[in-house]
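Next up is a structure, given as structure tokens.
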Amino acid sequence: MIKNKKILVLLSLVLVFSLFVVGCGKTEDTPGTDQPADKAPEVRDTLIVGQGADAKILDPHATNDQPSSRVMKQIYETLITQNEQMELEPGLAVSWEKVDDLTFEFKLRQGVKFHNGEEFKASDVKFTLLRAVESPTIGHIVGAIDPESIEIIDDYTIRISTKNPFAPLLAHLAHGASSMLNEKAVAEGGDDYGQNPVGTGPFKLYEWKSGDSIELVRFEDFHGAQPKIERIIMRNIPEGTNRAIELETGAIDIAFDIAPTDVNRIDENKELTLVRDPNLSTAYIGFNAAKKPYDDVRVRQAINYAIDMDSIIEAVYLGIGEPAIGPLGANVWASHRGLTPYGFDVDKAKELMKEAGLEDGFKTTIWTNENQQRMDIAEIVQNQLKAINIETEVKVLEWGSYLDGTAAGEHDMFILGWTTVTGDPDYGLYPLFHSEQYGSAGNRTFWSTPRSDELLTLGRTTADPEKRKEYYMEAQEIIRDEAPWVFTWNGENVSGTRNNVRGFMQHPAGHHKLFTVYFE
Amino acid sequence: MHKYILRRLLLLIPVMLGVAFIVFTMMYFTPGDPAAIMLGEAASEHDVERLREEMGLDRPFIVQFSTYIKNLVVHQDIGRSYQSKKPVVTAILERFPTTLKLAALGVLVAVLLGIPTGIISATKQYSIFDSASMVAALLGVSMPNFWQGLMSIIVFSVWLGWLPSSGFSTPMHMILPALTIGTSSAAIITRMTRSSMLEVIRQDYIRTARAKGQKEFIVITRHALKNALIPVLTVVGLQFGYLLGGAVLTETIFSIPGVGRLMVDAIKQRDFPIVQGGVLFLAITFSFMNLLIDILYAFVDPRIKSQYK
Amino acid sequence: MDKNKKMLSINNLSIHYITEEGTVAAVQDMNLEVAEGETLGLVGETGAGKTTTALGIMRLIPEPPGKIVQGEIVFQGKNLLDMTTEQMREIRGNKISMIFQDPMTSLNPVIPVGEQIAEVIILHQNVNAREALERAAEMLEKVGIPPERIKEYPHQFSGGMRQRVVIAIALACNPKLLIADEPTTALDVTIQAQVLKLMNNLKKEFNTSMIMITHDLGVVAEVCDKVAIMYAGNVIEYTDKKSLFTEPRHPYTLGLFGSIPSIEDDEERLNPIKGLMPDPTNIPSGCPFHPRCPKVMEICSEKVPKDTEVSKGHFVKCLLYEE
Amino acid sequence: MNKQGQKRGPWREVWRRLKQNKAAMVGLAIILILVFSAIFADFIAPYGYDDQDLKARLQGPSMQHFLGTDNFGRDILSRIIYGSRVSLQVGFIAVGIAIAVGGTLGAISGYYGKRLDNVIMRLMDVLLAIPGILLAISIVAALGSGLQNVMIAVGIGSIPGYARIVRSSVLTIREQEFIEAARAVGASDFRIITKHIIPNALAPIIVQSTLGVAGAILSAAGLSFIGLGFQPPTPEWGAMLSTGRNFIRDHWHMTAFPGLAIMITIFGLNLLGDGLRDALDPRLKN
């Protein structure tokens, strides 16, 4: 009797806690999070990859973010693919030919099955492209296609036209956003399609633990060569340090986006392999050329001279990537490698400032979002611009506010990056420098010249590669001289793998194929 | 008792409406267009407008809010995430168990560490153990838990290699996060238990118990503890609620996919439905937790039970 | 009833509290005796050391800061101060029981009263929990509470009722010695009488010796056989009730009588003792009462008075009576 | 009861009791040192808080840089010293905001009671129901980052605490005689609240605010740890710690020292707060 009361209280306390602990969330035994160390040396069939963010949604028309693309790359396929050298290769289309200036005809691969068992046909292509064009999210990728003109010739032949001549069309069709969907699956999925993706790729979604991991399993009816691994688990490990630690301890097999601070450690670790390849990204400091004093080219050039970009790269990126010399990275087609860098020359900067009547400098702000590297750059730039009497205030904004503000032209200087995913200069220049793209559409410097506008338009509408190259070369020279940007940095993809991982190749656009990977 | 619970539940309704309104208003006036964020650095104004329309963001504030409340009340629907298109309820429920587990483990650590330490400290007041644990508790309260988390990663994961630094899947993975999130609560509970215990063991009824010839251990555990734990219970409950809402830092440090990180990401990405739903959800959980404690109170303290009648 | 059989004798007992602010001699050189069935009254102002004495007998002085510095407490022929904690626990609640001053606080608020009575029965008698509760019910009835209320909590009882519960706990094991520490102070005047009467009856029924701690000479007159007057830790007068009331000797005792309003006397004013109790950490030299004493002599501030037997069994600590 | 006459007495007594509490004195000393270094940072700090030296990056503690340098070669000790300005400002001003707003609301609520009380207290319930850190994050998101906005964000979160304290003090004081007396001589409500009620609610507010400053500093550091809050190169401790996190494996000093600075500050405030509580309310002292 007396004891009972006490036990009751104790029990209720214990119960409350154990209920919470045990009751919610049955202990998950993810095969992936087991330490591989406990496993016998049998051949591993599960690949565990760590990346910095969880996918948002696995519907290629609903997002264009890197983590989602990285997962979708394993699930979906495109008509045309771009290999690691950015060359176009047959994908779901075995061949294609130009019908006229606006139209291509594609021969589709036969006997391709979707994950839901449906066969891939021309009707799926039409359905997919119509759906894509309607999606605002990827408008800039498929927007050139004329939805009216998509024409099914037969089940395995289809014609696609653009409204205007659009040279980079094929590259855009190789973009993940143009992945092929199945009409039935989309209809069945409804609002939840993004959680139940159906593609033709070598892997299909098995389980998605939101925020934690995505598990993919081999699609046995895949039309191509079967991958050697059976499962892929893509774990979400946001902190770079944690990703490196997990790789070192063997909890993951591949870590994407090794932080600069961890590069040496991974490189020196005998159990690990560091994989480094230039990617298609570029970072830049832009000027709001619609605002004084940045409407004066001399001021923009002066700042170019006043910044010691090499030391910034060293301090911020710790030797990863390389200083940018132009708006396009080296691996983008028609990138101008002969541009002369401004170099670090404070005297010249002062001279230019004097010419512009600003030898006493001015007060300004430099905007950045919460990206650590960009904030770091901002801090150093702030410090270095003191030398030419420019008093800079760093403004760190949240991404949303940053996009709003820079689209509205409220900023002075700003730091941003761009990835030319298609590897085509049109993608890397047109949105960023054409006057039609002012503001939210991509040109947040509000800079343009009639000639550069003309060149960029010609570049996208001309079919002849040689001509296009000429236009882009000239455009890049103008951009260099007019200095709407301080070219900052071309990035690198840096991944780390365990030594027993084979067949891993990085794609310059960042969405690496994992289905070729196997264990030794 | 039932009446009391019912009254408390009814009182929750205006508070929750208030929460919904405040969050909604705050989000509405927060700069950063959700559509623009979804579309990224290069999105034509046309596309942005299309998306805003699709998301219903072009409608006036009052319309948006009343639609939200109507859907909530009539259809029990709090919408879908802008980003993942998932129903908000699903998105939260996927993450909530992890946070709940984290917070519960934290409280468990805190209780297991704090209550015994507090009791021993109180019964051995002014002893070395007492002074040491009081200093430790004060340090525990003073230590920013994100810092403690980082330091423990350095020591236990990097230097010693004993424990994993990220994730929350196996018991090994849970040790560091649970300790990190539980430390300050443990410290608070230690202090609370000690002072409550000191208060109680000075009471006459403890002397009465001793005068009966009762063993000191029983005097402490049965007579003193039960009384001393009543205020401690409130603190435990408050801490639990606090840890649920404040788990985000620990979740960030250890890459734990909890509701806290979901919320912070949602705020940054202006995923309003998630923010609204999440805050509402946490607020309700927190309020229920408080109610639960008050009910539990009645079981521990007969004086309060009679008040509820 | 053998009045001469010694139940308890306290010899040269000194209890000190040692704190940062200084040492307090709460009890100094105490000598007392209680015979079987006898009631000793312990009288004095707040802070005189009465409760400390009681706790000393129970060995419940909080240590630190309290410390029994010297002396012995002989209970049924054995020195309690030599006993182990185990042995002492056997005695507490069983052979020696105590009733505390404030019934509002001396019961555990979260345990039903029945269990609180049963607890002491289980501890000292070889019974199981159910039997203990039955006995507890009997005890409740004995102290005048309907046994149905056994499952109720202390807050459901009035002050007087609670004190009855406390008495029930104290007497549950039929103790040899009952220490009652101002058992009626916190109660209403009407209730006081009832409770005192109850205690007296029960004491007679069980033939219990008792130490009645009080500052109320009226209570002494009603229940005590012998009286010890305490001042600042010292028993300054120790005698049987009759000689105390007929021939009080110590100036302090006289003062105490002077501060009782009397209907019979025609005196117009009360003669309360002037001044206040001394600061316990700073007891005056010599006789601690000398700064307030109406009959103070020069020597009083220098010499500490000793027990003087002024007539048989009547001891006074005052230099007036020392040779 | 003559309050005016007593006023000086109690505070002197509080100070006397506080002085006897060694721990509280240690706390007070820590806080004074911090205040001192915040005021005289320009003279004490060996370097400026944003003096970059890209050639001396990420150095461990040495004679030149007692606590080492950060990823831009800035002296960490100097940044910590300057950082005390930021943290103390945030702590005290945020709490000031909370006291001003919360105190006013609580006073109004307690004094006028009824409907108004109900409305205000429900509003406080709403604020309390939203997890503090999420509330702060949302406010910073809405207002934008920066010292000022962080203070507001952190301050708003602690309004309900003060509102409740003041309200309950007011409720107990309201009916007391000297208030009746003041009313009888025709004092206005405002006068009664400011002259009589507020001073009497002061003790719990002082205790709460000392601990509140500690809480505010922690919250602000937490905010900037998530990457919200301060504009670089503001030497805020939480932000320093957050940056250091990227270098934690090779250069732990970047994370360890700012963290220690936070911890010592909070420790000092807690010691002082405990001491004040004991001194102001001797009944609570054990």
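Structure notes:
Lettered A, B, C and D in written order, each chain numbered from 1.
Criterion: a residue touches a chain if its C-beta (ideal position, glycine included) is under 8 Å from a C-beta of that chain, and two chains touch if they have at least 3 such contacts.
These numbers were taken from a predicted model, which means no experiment stands behind them.
Contacts with subunit A and subunit D are shared by B. Seen from the C-alpha centroid of subunit D, the farthest chain centroid is that of C.
Comparing chain C-alpha centroids with the centroid of the full set of protein C-alpha atoms picks out B as the closest. The greater number of contacting C-beta pairs, out of the two interfaces A-B and B-C, is seen for A-B.
Chain geometry summary: the mean Cα position of subunit B and that of subunit C are 52 Å apart.
Note on chain placement: the centre of subunit A and the centre of subunit B lie 36 Å apart, centres being C-alpha means.
The distance from the centre of subunit A to the centre of subunit C, with each centre set as the mean of the Cα atoms, comes to 87 Å. Residue positions of subunit A touching 2 or more other chains: 239, 241, 370, 398, 401. Residue numbers of subunit C whose C-beta contacts span two or more other chains: 111, 119. For subunit D, the set of residues that touch two or more other chains comprises 141, 144, 245, 248-249. Remark: subunit A residues 6, 8-9, 12-13, 16-17, 20-21, 24-25, 28-30, 33-34, 54, 56-57, 59, 62-65, 136-137, 139-140, 143, 191-195, 209-212, 235-239, 241-243, 245-246, 249, 251, 370, 398-405, 407, 416, 418, 431-432, 437, 439-442, 444 touch subunit B in the complex.
Across the complex, subunit B is touched by residues 55, 58, 60, 64, 85, 88-94, 97-98, 100-102, 105-112, 116, 119-120, 123-124, 153, 155-156, 166, 169 of subunit C. Residue ranges of subunit B in contact with subunit A, taken from their complex: 30-48, 50-51, 54, 80, 83-87, 91, 94-98, 100-101, 103-105, 107-108, 111, 153, 157-158, 161, 164-170, 173, 222, 226, 229, 252-255, 257-258, 261-262, 268-270, 296, 299-300.
By the touch criterion stated above, subunit D contacts subunit A in their complex at residues 50, 52, 54, 57, 71-72, 141, 144-145, 227-228, 231-233, 243, 245-250.
Those residues of subunit B that touch subunit C in the shared complex are 126, 203-205, 207-216, 223, 226-227, 230, 300-303, 306.
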